[in-house]
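The chains carry the letters A, B, C and D, assigned in the order they are written, with residues numbered from 1 in each.
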Amino acid sequence: MIVTISPRGSMDQLSQLEIESLKLNAQSHLYQLYRRCSLAVLASGLNSDNADDLFDQYKDFDIRLIRRERGIQIELINPPVEAFVDGKIMRGIQEHLFAVLRDILFVEDKYRDRPKDSALLTNEVFDVLRNARLLKLEQDPNMVVCWGGHSINDIEYKYTKEVGYQLGLRDLDVCTGCGPGAMKGPMKGAAIGHAKQRNPDSRFVGLTEPSIIAAEPPNQIVNQLVIMPDIEKRLEAFVRLGHGVIIFPGGVGTAEEFLYLLGIKLHPENRGHPLPLILTGPESSRAYFEEIDAFIGATLGEEAQALYQIVIDEPATVAQLMFAGIENVRGHRKAVGDSYQFNWSLKIDDDFQQPFIPNHDNMAALAIQPELPKAQLAANLRRVFSGLVAGNVKSDAMRLVEQHGPFELTGDPSIMAKMDKLLAAFVKQQRMKLPGSDYQPCYRIRES
Amino acid sequence: MIVTISPRGSMDQLSQLEIESLKLNAQSHLYQLYRRCSLAVLASGLNSDNADDLFDQYKDFDIRLIRRERGIQIELINPPVEAFVDGKIMRGIQEHLFAVLRDILFVEDKYRDRPKDSALLTNEVFDVLRNARLLKLEQDPNMVVCWGGHSINDIEYKYTKEVGYQLGLRDLDVCTGCGPGAMKGPMKGAAIGHAKQRNPDSRFVGLTEPSIIAAEPPNQIVNQLVIMPDIEKRLEAFVRLGHGVIIFPGGVGTAEEFLYLLGIKLHPENRGHPLPLILTGPESSRAYFEEIDAFIGATLGEEAQALYQIVIDEPATVAQLMFAGIENVRGHRKAVGDSYQFNWSLKIDDDFQQPFIPNHDNMAALAIQPELPKAQLAANLRRVFSGLVAGNVKSDAMRLVEQHGPFELTGDPSIMAKMDKLLAAFVKQQRMKLPGSDYQPCYRIRES
Amino acid sequence: MIVTISPRGSMDQLSQLEIESLKLNAQSHLYQLYRRCSLAVLASGLNSDNADDLFDQYKDFDIRLIRRERGIQIELINPPVEAFVDGKIMRGIQEHLFAVLRDILFVEDKYRDRPKDSALLTNEVFDVLRNARLLKLEQDPNMVVCWGGHSINDIEYKYTKEVGYQLGLRDLDVCTGCGPGAMKGPMKGAAIGHAKQRNPDSRFVGLTEPSIIAAEPPNQIVNQLVIMPDIEKRLEAFVRLGHGVIIFPGGVGTAEEFLYLLGIKLHPENRGHPLPLILTGPESSRAYFEEIDAFIGATLGEEAQALYQIVIDEPATVAQLMFAGIENVRGHRKAVGDSYQFNWSLKIDDDFQQPFIPNHDNMAALAIQPELPKAQLAANLRRVFSGLVAGNVKSDAMRLVEQHGPFELTGDPSIMAKMDKLLAAFVKQQRMKLPGSDYQPCYRIRES
Amino acid sequence: MIVTISPRGSMDQLSQLEIESLKLNAQSHLYQLYRRCSLAVLASGLNSDNADDLFDQYKDFDIRLIRRERGIQIELINPPVEAFVDGKIMRGIQEHLFAVLRDILFVEDKYRDRPKDSALLTNEVFDVLRNARLLKLEQDPNMVVCWGGHSINDIEYKYTKEVGYQLGLRDLDVCTGCGPGAMKGPMKGAAIGHAKQRNPDSRFVGLTEPSIIAAEPPNQIVNQLVIMPDIEKRLEAFVRLGHGVIIFPGGVGTAEEFLYLLGIKLHPENRGHPLPLILTGPESSRAYFEEIDAFIGATLGEEAQALYQIVIDEPATVAQLMFAGIENVRGHRKAVGDSYQFNWSLKIDDDFQQPFIPNHDNMAALAIQPELPKAQLAANLRRVFSGLVAGNVKSDAMRLVEQHGPFELTGDPSIMAKMDKLLAAFVKQQRMKLPGSDYQPCYRIRES
């Protein structure tokens, strides 16, 4: 089966050079990246978080570019049928397909030689978002980043929808990591809220990256999909694009995001910098958040605990707090002349920007010690959880774990014991993987 | 509490005469009509189908018009707080408020002297819809009328959402009677389908009338609300506006609608006139539809049974059949030069257009005899069910029943027995009123 | 040659009744009216102010309505080729054709029995404009009515363009009687001004009426054409729609308009009512305006002279004055709660609303006496000039003059002498008819 | 006087790096370039083609960028008052100011190291146009490039307007070098044509470059202004963007453009490549075109003469030919799969792409010999005229001529004699500079 797809969404004409770069060599890394991301987008209707399964299942899938009088067309060979309605591609998926093309070519064209300097890294994040037409001059601050697990239970899922609905009633837009679960619920809810408020320009932004997209394919409510080059730039995009952050129950990925943001907020230059942060869930998640809060208290201390608010089972309150918090953000941006659309004035340390490669050596080398400066400890804890996400769902790291056994983690015994307990709870609550699969831990806490 | 509301939606400037007609006399029938419809719209968030309760609860509610430089403004005194988010009116409700004003003034202005002639009645239906900007020249046929109960169970409700989703994926719009239950589910589902298909112009049309609006307040997904002058014009609006009809499980109102359409389809001049009609529900509704089908077979015969299709538990099939059926409709309209937006060429007999006043005499006088021409029998059966709807939820008829006891129905014993059984089933399945209220039948089948 | 034209512009679906009313009887008055107005619109490229010539030339022109799936279509038989570019109708003319249809049907449908009461007459004017979608709620006051001759010289024409340009640079829109000369120049100039200011919603409103449209066919810059039922409603539409008035050099038509507005402004209830009025022309028109000013002084006195401003050869100043004057208008409307789009609070006396039929008896009977109240004298002088316009270019009155000789005018000798002088100047300056035709006066001043 | 200007037009958010690059050093070349181009845009109302005069007159003009919450703002210090209407900047100029910023930053950011390779040069042209949002996927081929003198007489100017009008009536868009004269007339005419055709998306593209912009400031009808990096890329942009070319009377700049296009059309790989080329002017220009035609015949031969058509005094015919020619272009693009918006398949030799620096050595070294291949001779003749343009109006070259005397030109005596005659005619017809200035030739034909 061969299908030809015309452009849709923020797609420009392509230059001959750009087309060539994807054509020249089907064996090239770039082409493989492009094919895999495209397949992930096409598979968004499937319910799986196992990327390898996906790639195995669609071994004979292929993708090609054809130049046409009205710009480029995409030719799909043997795509998943779930992407089609009565033989025609869903327009949401069609847009996502061209978003993948747009982002991959843009990074290839301008940032092939990965920049290293902190200012340049931030510039790259900005440039990718701008190229995706996400930074509109006239837009007021209203973007709520929602983090939380891709694998959550029904009560939690309904709660994320309810919070999204309350956000939507207040004309707030939603940005997530663009997979299922807590990444989808708030968008669905907000869509209904926006409909009741007749909001014609709802923005449901999905930020993903090549190594996670296949495990967490973008849900189709996402109407602005961006593929950031790696997890560190994706995280930076979240906090520079968002005007406030809500954290729902989740697993190691959510913990990574939470620690990333706490580490940044702990930076002395960010003292007083407004960026509301709310942890919330249904009544049944109360214990979950108490546990997280205790872990933060034990590791990063009260100073860190003061940086967020926990709200249990009050969706409207969450939305009201977020709305008020974003008004603050707007006032602050206006006062300092910072862009409404990109939080330039937030200080992000090099520690949080440089890519962390999750392998056995790097994981084992992470220092988890109470005497470290809090921001640095947060950075390292973030890396631990980042590595666990990779070991759970990212192909490269999964292969390493298969070959060499679980990652070994060491550190201060008291902290490590708490981490062990937290991770065990995640496993027990089925937050590591979608229910149905039998979870094999990718880590081992080593007594140091 | 006094709130001032600015215009939104298809609202024009008003003339001084128009404003005067609502101002002059707060005791006037027109003003009372206007106040009640407005209150119903404001109460759309409340979960009740008892209009009197609503009016009792908001006795001190009042509404006034104020002329301003940018047109009229509406002043609300003591409106239901449910219509507001953090003190601001929901924009969906704001639009509905002005739709009420628009339609009531239009009918008052042009059709104060109720026309009697069949052609003029159809013209009025057309004129009200046109004035509401519902008849767009460039729009392709895609309007699916969904009928069904306002009081249905969870499984049925989910099923209506799923059918709506499948319709939405195929870019079909939805028109309902604009209350809860089967009038809301298909719209919610279609909204998600349209979002995935990036359909920016979703139309969710709600057709209501003054005597039902308070019992079935428009859900806020409805983005085009029209208040037709009475039930007969509302029914005519459904079948002239829609390009196909889906019937979900429901009670006497749904039965009224079904019989109305069958009566029209049975007219000899409508033979071969394409207007797809599908009855559908989840597996658990199979018996319900078998019962309905049997009742039709027993009263209107096989000829009538040939005019619809029953599909059980296959949402995608329903949508595919409807899509194909509407393609037929388009072809037919093009061939005969009939409007895509208003089904002029469908013959509707005077019998189905003249208002039926549900009181004890009129109900008792209805002839229900097997020897009547089928279309006429359908017309009378339609009136029976129409009267039962009124006795259940419309204030005037409810008062009559309170005063004089249930309506008495007579007719052919065999038919009446079947009707009795059908109605008993409706009662048992809680299709007459929302669960929670204790249903007192408003009818009695009298042995003739 | 037969051409079929699809709808364009503010055209709704038509009802069967509406189509029938134009079809039933090709001999009907309504059909003849429709045919003549349509032909006038099609002839807008021709340079003639002789309606009879036009109708003679296109004796075999015919027009019919056809119902189609996307609304009505117009069939043109033997239309003027000037309306087409390479065989396709110009879209400006296409819009005008449907505007004619819209307005004629609307008046026929709602105002067939001509209302008599002053409030109802104003309501009709409002209703026709609203039906033409001219009264947008969100529009700020910015409409400048430009009056002036259809037959003016090159220097004057360039000057009207320059004033229009300066208006356009200030985002002001233009409304004229929609023919050539001073009715076209300001629009052409404003179009360039708007282009430089990137104004995407320029409104160039043309107000005409059936008896003048053929003599002064709408220029195609007009993007909102309205056919008012008669000259009195057209004049009322000008002053209720406009937020300020500019008068360029002209002939008897311009004098009629000027006297109409002065008569209204002189009404005691309109004292202090802001509606800026500026007379302007190039240096070469200085004498012309001095003459007009003197005539007003001699007839209506200083009080009337205080109601306008004369500005010679300063286009930018005119635009600045008008801009500032309209700011006043806006403030006044806001203060009294009057609509930005329709000047309800301007008092217009019955005297200026009731149609005046220009025939020999009515013309002879007009009282032109200094002792009359000023407003009434203005009303009668307005009628004199109205009759002269008719005698010059309107078919019915032209035929009367052909049959019975010129209209005879009597009145106070001193005033009549001044009028004679003014009219003689108009004749000499070729302001009565387009140059090329040999002007035969349609009037005779009789010694009383 | 200090004025702050907000963004307008195709302006994105700017990154901190981009802002810095213009701030860091007010003495930098980039800043100077930016300041001069901005001043030129602000001076578009002035009637002068002398850049140095302009810069002298506005010595105290300065420009700065300020970061604000809604993106960048531009601060103007002592700008020309002609850019303002009652103290507010004209929105057309506002757009042009931001177009200058956009293009200068884009080239600096991506093409600081000037590419040398032919494919990369074409890519740069494409990239600059794409970044300016000029290459819309959905746009049909309709862009007519109009070349001609900035200094032409009234009859010629009116003729260019008439041709533009006829193009506009056929929905064709116009692209010029964006100065006065033949660069403005066709746009003004087309604007009226488009208005009559209700074309809401008229595109009036102005392509300029830093060294010419001050001498030929963009007229404000231009609604898409692009500053190409140099004359060679500007010429390439014209022929890749345009779907047909019209040449009006002009001087050395027009001759350069004509020879550039002939040189490309003469390339063997472009044989049969459709790109209609029409030379046209009023009756009074007949001799002018005969002279040009003879010069081409004498230098490049009949083969070259076959590549264009001369049409005298028939504006509608020109538009019809162009319309038909563009239909051909569309068919060809569709057939070969080339973009409708960018003529990738036209072969442009390195000879026509590499920048030519007009100084005494380079001018003197140009080989003008009949035995050269025709395309190469055309390339050299193009360079001769390019140098003469520079000597006439571009600052750097004007200074060289002031210091070292006129450029000396040598070559085949017969060709040089013909060139001398042609240039003398240009001088006599005041095509070199705007009338009023006393033209001093910047060249001398040397006997070889």
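For the reader, a short list of remarks on this structure follows.
Definition applied: contacts are C-beta pairs under 8 Å (C-beta built on N, C-alpha and C of every residue); 3 or more make two chains touch, one makes a residue touch a chain.
Labels paired with UniProt names: A, B, C, D = AMP nucleosidase.
Model, not experiment: these values are computed from the prediction.
Among the remaining chains, not one touches chain B (AMP nucleosidase) and also chain C (AMP nucleosidase).
Path length between chain B (AMP nucleosidase) and chain D (AMP nucleosidase) in the touching-chain graph (shortest route): 2.
Separating the CA-averaged centres of chain C (AMP nucleosidase) and chain D (AMP nucleosidase) is a span of 45 Å.
Chain A (AMP nucleosidase) and chain D (AMP nucleosidase) have Cα centroids lying 47 Å from one another. We define each chain's centre as the mean of its Cα atoms; on that basis chain A (AMP nucleosidase) and chain C (AMP nucleosidase) are separated by 63 Å.
Contacts between chains, counted with the stated touch criterion, involve the pairs A-B, A-D, B-C, C-D. Residues 8, 85-86, 90-92, 95, 169-170, 188, 191-192, 195-200, 220-221, 223, 320, 323 of chain A (AMP nucleosidase) are the ones that touch chain B (AMP nucleosidase) when the two sit in their complex.
Listed in rising order, the residues of chain C (AMP nucleosidase) touching chain B (AMP nucleosidase) in the complex are 7, 11-13, 15-17, 66-71, 110, 119-120, 123, 126-127, 130, 135, 137-138, 330, 333-334, 337-342, 344.
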